[in-house]
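By written order: A, B, C and D. Residues from 1 in each chain.
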Amino acid sequence: MTAPAAWPLRMPSIGYRLLGVAALCLALALATDAFLTLPNLLNVMRQASLTFLIASGLTLVIVTAGLDLSIGANLGLSACFAAAVIQASGSVLLGAAVGLASGIVIGVMNGVMVTWLGLPPFIATFGMLWMVYGVNYWYMAGTTIYDFPQGFRNLGSGDALGVPVPVYLMAASMLVGGLFTRYTTWGHDIYAIGANREAARLSGIPIRSRLMLVYTLSGAMAGLSGIVYLARLNSAEAGMGDPLLLPAIAAVLIGGTSLFGGIGTLSGTFVGALILTLTLNGMNLLTIDTNWQPLVMGVIVLLAAWLDASTRRRAEARA
Amino acid sequence: MIDFKRKGLAVAILATVGMAGCAGGGDESDAAGEGRETIAVFTKNQTNPFFEVVRTGAARGAADMGADVVQYIPTRPDNIPEQMSQIEDVVVRRPDAIVFTPVDTQAMVPGVEQVNAAGIPVVNITDPVLGGDIVSFVGCDEVTLARDTGRYVLERLGGAGNVVILEGVGGSVNSNNRVSGFMAAVEEFPDVTLLASQPGNFQRLQALQVMENLLQTYPEIDAVLAANDSMAMGAIEALEAANRPALVVGLNGTQEAIDAIKAGTLLASGDCDGFNHGCLGAMAAVRHVRNLPVPDEILIPITVVDETNYQPLDIPLEERMCPAWETFAGE
Amino acid sequence: MSRAAVLEGGARWRAAASRAPGVAYLLAALLVFFALFGPRFASAPNLLNIGIQSSILLLLALPMTLIIMAEGLDLSMGAVLGLAGIVLASALVAGYGLPAALGAALAVGLVFGVANGLLVTRVGLPPFAATLGTLGAAQGGALVATGGQSVVGIGPSLPALYASSWLGIPFSIWVAVAAYGAFHVLLYHTRFGACVFAIGGNRDALALAGVRVHAYHAAIYALGGLMAGFAALLLTGRMNAGHPTAAIGMEFDAIAAVIVGGTRFERGYGGLPGTVLGVLAVGVLKNGLNVLAVPSSLQVASIGLLLIAALLVDSIRGRS
Amino acid sequence: MERAPIQEPPARAVPRVEMRGISKRFPGVRALDDVSLTVHAGEVHMLVGQNGAGKSTLIKVLCGAVHPDSGEFRIDGRPVRIESAADARRLGVAVIFQEFSLVPHLDIAQNIFLGREPGSRFPGVVDRRRMHAQARALLDALGMDLDTRLPAAELGVAQQQMVEIAKALSQNARILVMDEPTAALSDHEIDRLFARIRKLKQDGIAVIYISHRLREVFTIGDRVTVLRDGRHAATLESARTDMAGLVRLMVGREVRTHRRRFGESAGDIVLEVRDLEAENGVHGIGLHVRAGEIVGVAGLVGSGRTELARAIFGADRVLGGEVRLGGQRLPGGPAEAVARGMGLVPEDRKESGLALTRSVGDNLLVAALPRIFPNRWYRFGTAARIVADLIARLQVATPSPGRLAKFLSGGNQQKVVVGKWLGAGVHFYVFDEPTRGIDVAAKAEMFGLMETLVGDGAAVLMISSELPEVVALCDRAYVMRDRTIVGELDRRDLTEENILKLAMHHE
């Protein structure tokens, strides 16, 4: 009933989720020989890592009871800017810097709208989504930018020591993000804001600067993901981020982060991304019609939400 | 390699800020001189490079004949209700003719009927719209396009081997036609095994992920038949990452595909030149307005572009010229 | 305690004006701008076009207003609309009459609406997660049922109905007007409407008044599903076909229209007239930019700009 | 009693309401313990007791909002079950709640008839004309001159209170429960209300009336029941008791109004406020607090006490004037106020004091993080030590620091709110209604805590609607009316009468 020394725990039902992952793995291993092979598992890790990278910044935003619908569009624009700069200058570093910077700029603009202008995050970031697409459509004018140096492409599709590079990126951002959320007072402030914004404000937490930080981080992670996706796809086009938004939100929700704020972890989001990827991977391996994918994803989101709702209710009944 | 003559990032960022200021600045065509026809060009989205080629071709074709074009693209890619709204809006504006690519061959029929009712001539390009009255259809037979391309790669395989097909958006007419063309080619070779045929939604990322998974399932894949070039490129990424060489073909003959053919990563791309769709579509529209004869159907010849014959296509888009009307629309 | 206690007629009008959402002013500005610079923008056929183009979105935005006032959200509406359209079209193709086909579409909508309502009220899921889940279910259902293809050959009855007009006003506008009227009566003149305000504004008060809060709360979502099913009539008529992905993303447009129209996620604040303004503002903007032949990329950006500007006006006025 | 003239004398008549052996536990608190209450038709039955004595819970049980763990009800002698608000309403129970049950964006008439709207010819459609006419009549009877089309959100506190009363009266109830109906009303309004209550009595309605103003027991009450710590202490006839007797019953054996030791000379001025004006309506505020002082702020509901606290703290936007803490001018905003050593214990701790879904430990540390971890690096060992220390110091009853705040009792929650300021090293505290909704024992602890704080050299500004607390605890007090300070009372003049004299209107 009492969990000693467990009080900073912010993740509901991680056990059940890992159980879900295990069950999925077991089912897939039984269903198809192709699943339990090292290349396939690495493959799953690579795809899950990429989903995690986009969803990680969003997780922090949702922990503050906010939302960032612009991450997909942001990813696309950052990738396109990075691509253009790499092609024009030949410098991968400069291109990556520009891509990251564009992600950050969009994040800052979201932050300004949500904090200083006091706009509701849902619509503010939805409006930003349209604006970013507008700029990107105009900038790209229906073209594709492609063909990058092999060294850069390894960032998305290469391996190091037998492990896909995005997995390192995922591990690094999870480590940094984990340290940030768990071992810095800023991280604790973010949870306080999400759990009760007014109480946090009256406790002297500078709400605006913390929210600015979170939206900026979300933009930065979208920008970073844009660069990694650029490297993976070896090309950039204006609409490339569009299909990535809903899976990112789904990964966050499946990972147990609450839209009401104050509850959620990056590791949960990774588990969410893993569950999502395993499911899609399994459906591909079993050559199930892709038309089933939205339905299956919907059911998983519902299951995860139901799991959290019922564990919370049980906890309250116990008290 | 495409030459990106762009204004640079600074302008892009400035434009974001100044967007409001210039929102009303697009009133060019009405100011244009009397007597110049205005052609409204409808394409499906602003993300697929193919349609940029079509738009450029249409602009060039119209310009060659001394007419103006106005482009209409749904704000959401391939959005049916939105293209319907744009048709309604354009009918109010009354251009002299419309060059039309439907976002959906079935669902846009009422749109064409509406244009018919308004008495504005419609030239249908690229994808056939399955109803309404059109002046002419400019495009190619996509089944043949895919069959020829498929045949090409299977011959290169020596008529035997394991292949996979990457489909487009499940259920779309483009995808169906192209896949059935590929299938027809596969059936011509009894020693070719079709391992799988999976949708990649015409998207590079999805094709990449599908290909990664297929590589796990099937230890031996000799060729990939992708329903467009973006997916072919995605498949190549997956194959290279897994270090599993295979012959890959795509469709559309985009600049990227040609560069890949030059680099030797892509075997071939079946091309039915989008530039010519635009050119001839616009020309047909202007000709119809000027009461010049226009055939019911202009089929653009199909080329399977490989390392031997890519040169005519390998010039920057803005330098390409429209063919003479008589080249394809004879007599 | 010496507050002005009685509102006179004039004061009521002024109060109403001060409560008008910022989008009202933007809409007025857009209308003036396009009327001045848009060729034939102010012509009757074009204004009717705006009405036709806004009608489907309005059918979704009306129930969305109630859902948001009740501190909820329905992301599944676009997908349910798509699925209901498939069912409607398939029923027509199978030779059923229009009433039966519409009934089937309404039933599909209702099933999803009730499911949303139960998931939110009984199972206690957050509305965002619950309706994201049913979004997947509806969209997947539509895709699996059709294999992604359009459903065509729906016969002449629905297209004829859709193309009909009365007093020079097209069918879809009449439907939208009737739907608005029905929702207006529902929200402002019935117990159900009072419950909508109370569920968002003071749920405990409603419970203490002996009202079955859960039932009413679930009913709001059911209504949302029902309207999505009903909107399939217009969408299918408009396309002369059913298409599984035709309405994807429309729920976000509806939510944006509602919020821009002044309705908020908290305290049961909001109303239907603002939603109409929000729907029309987006409709007028898109139409006007098309009439002006503004490049599509600029149109895309303008939509974002409009949403943010409308909220900004509200936010600034709220502070002063 | 016209309705039952042939029955036995009232005292032995079948009571209108009988509640027997009602018990109810909440997490951490025994809210009601075997409480019984009997009320007759035509009787005004007063229910008194300290905050946390169980009055509100008892009422919630009666109206179906809370399900008792045990106990039974009889109405007119018949055993009944009250499972829901709908049951209660059907049985003729109407309640005027202390926490307003109005819906902000419905108009007055809609609020009055919420859930009982008069129908029209069309099913489900409300006959608005009839509804507004009936609402008009109800308001007229209460002497209220309000437009029934005004939304509740635009009403002042007193107006809301009157609408609540109209709402309850409109139900033609046989049992009318009033939970502190006069808390926000002026004398004039109270007179009208009492006239109305006497009329209801004549009509044979049973009235249960909860009040903190003990005088009302004698002006309007027939009998009085005293609750103490969730138990039934006594039921008496109003005429046979007096104020002192009631207080004795409410408090327990010893008549222990908390007495502070005064005398030590106050220190330097810690807080000085000059001519403060804020967006929330407070204006012309001037006050100061010295180290070692507890300074009270009293006033009626709606006089601007909470708004004053928020303005000083910078929680609401300040329009003019200045707040100086330790001689330095505050730039405004809670973050700066906290950084300079000011802490606010807000009135509504669940809304703005605590994060209910976070643990006790997290809540205790939320304000202290910059002080404990100046280099921003959170060390769990240190955090756990500090939390354990705070829990011990404040004697927070929690099984572990990981317990979610929402599972604590009100008193313990309040301790956590205070605790977060202890950890933050604050030296000036604003307590806004520090004893609201907590039990007697916790109250005493809270007072002890405040004394310790000032004993250690801190300064306290205490806002309270409990006049005895202000009198007992404060060195000085400011009195507010109409969102400004209308007077200051020093130790010698600090009596309830003087406060009320300043706080009330005298037109």
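Everything that follows uses one rule, which is that a residue touches a chain if its C-beta (ideal position, glycine included) is under 8 Å from a C-beta of that chain, and two chains touch if they have at least 3 such contacts.
Since the structure is predicted, the reported quantities are computational estimates derived from the model, not experimental observations.
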Quiz item: What is the touch distance from chain B to chain D, in steps?
Solution: 2
Exercise. Quick one: point me to the chain whose Cα centre is farthest from that of chain D.
Key: B
Quiz prompt | Centroid distance [mean C-alpha coordinates] between chain C and chain A, Å | solution = 30
Quiz item: So, what's the distance in Å between the C-alpha centres of chain C and chain B?
Solution: 34
Exercise. Find the geometric centre of each of chain C and chain D from their Cα atoms only, then give the gap between the two centres in Å, rounded to an integer.
Key: 42
Quiz item: Which chain C residues sit where two or more other chains touch them?
Solution: 143, 147-148, 295-303, 305
Exercise. Please set out, as single numbers or ranges, the residues of chain A touching at least two other chains.
Key: 130-131, 133-135, 137-138, 141, 260, 289, 291
Self-check item: Residues of chain D touching at least two other chains
Solution: none
Practice problem: Could you please write down every pair of chains that are in touch? | Solution: A-B, A-C, A-D, B-C, C-D
Quiz prompt | Complex contacts: residues of chain A adjacent to chain B | solution = 32, 34-35, 37, 39-40, 43, 46-47, 81, 84-85, 87-88, 98, 102, 105, 130-131, 133-135, 137-147, 157-158, 229, 232-235, 237-240, 242-244, 280-281, 284-285, 287, 289-291
Quiz item: Once bound in the complex, which stretches of chain C touch chain A?
Solution: 79, 119, 123-126, 128-130, 132-141, 143-144, 147-148, 252, 255-256, 259-260, 264-265, 295-308, 311-312, 315, 318-319
Quiz item: What part of chain B is in contact with chain C in the complex they form?
Solution: 16, 19-20, 22-30, 46, 70-76, 79-82, 84-86, 88-94, 104-110, 130, 169-172, 176
Quiz item: For the complex, which residues does chain A have touching chain D?
Solution: 1-9, 182-189, 191-192, 195-196, 198-206, 260, 262-263, 315-316, 319
Quiz item: Any idea which chain A residues touch chain C in the complex?
Solution: 69, 113, 117-120, 122-124, 126-138, 141, 246, 249-250, 253, 258-260, 289, 291-299, 301-302, 304-306, 309, 313
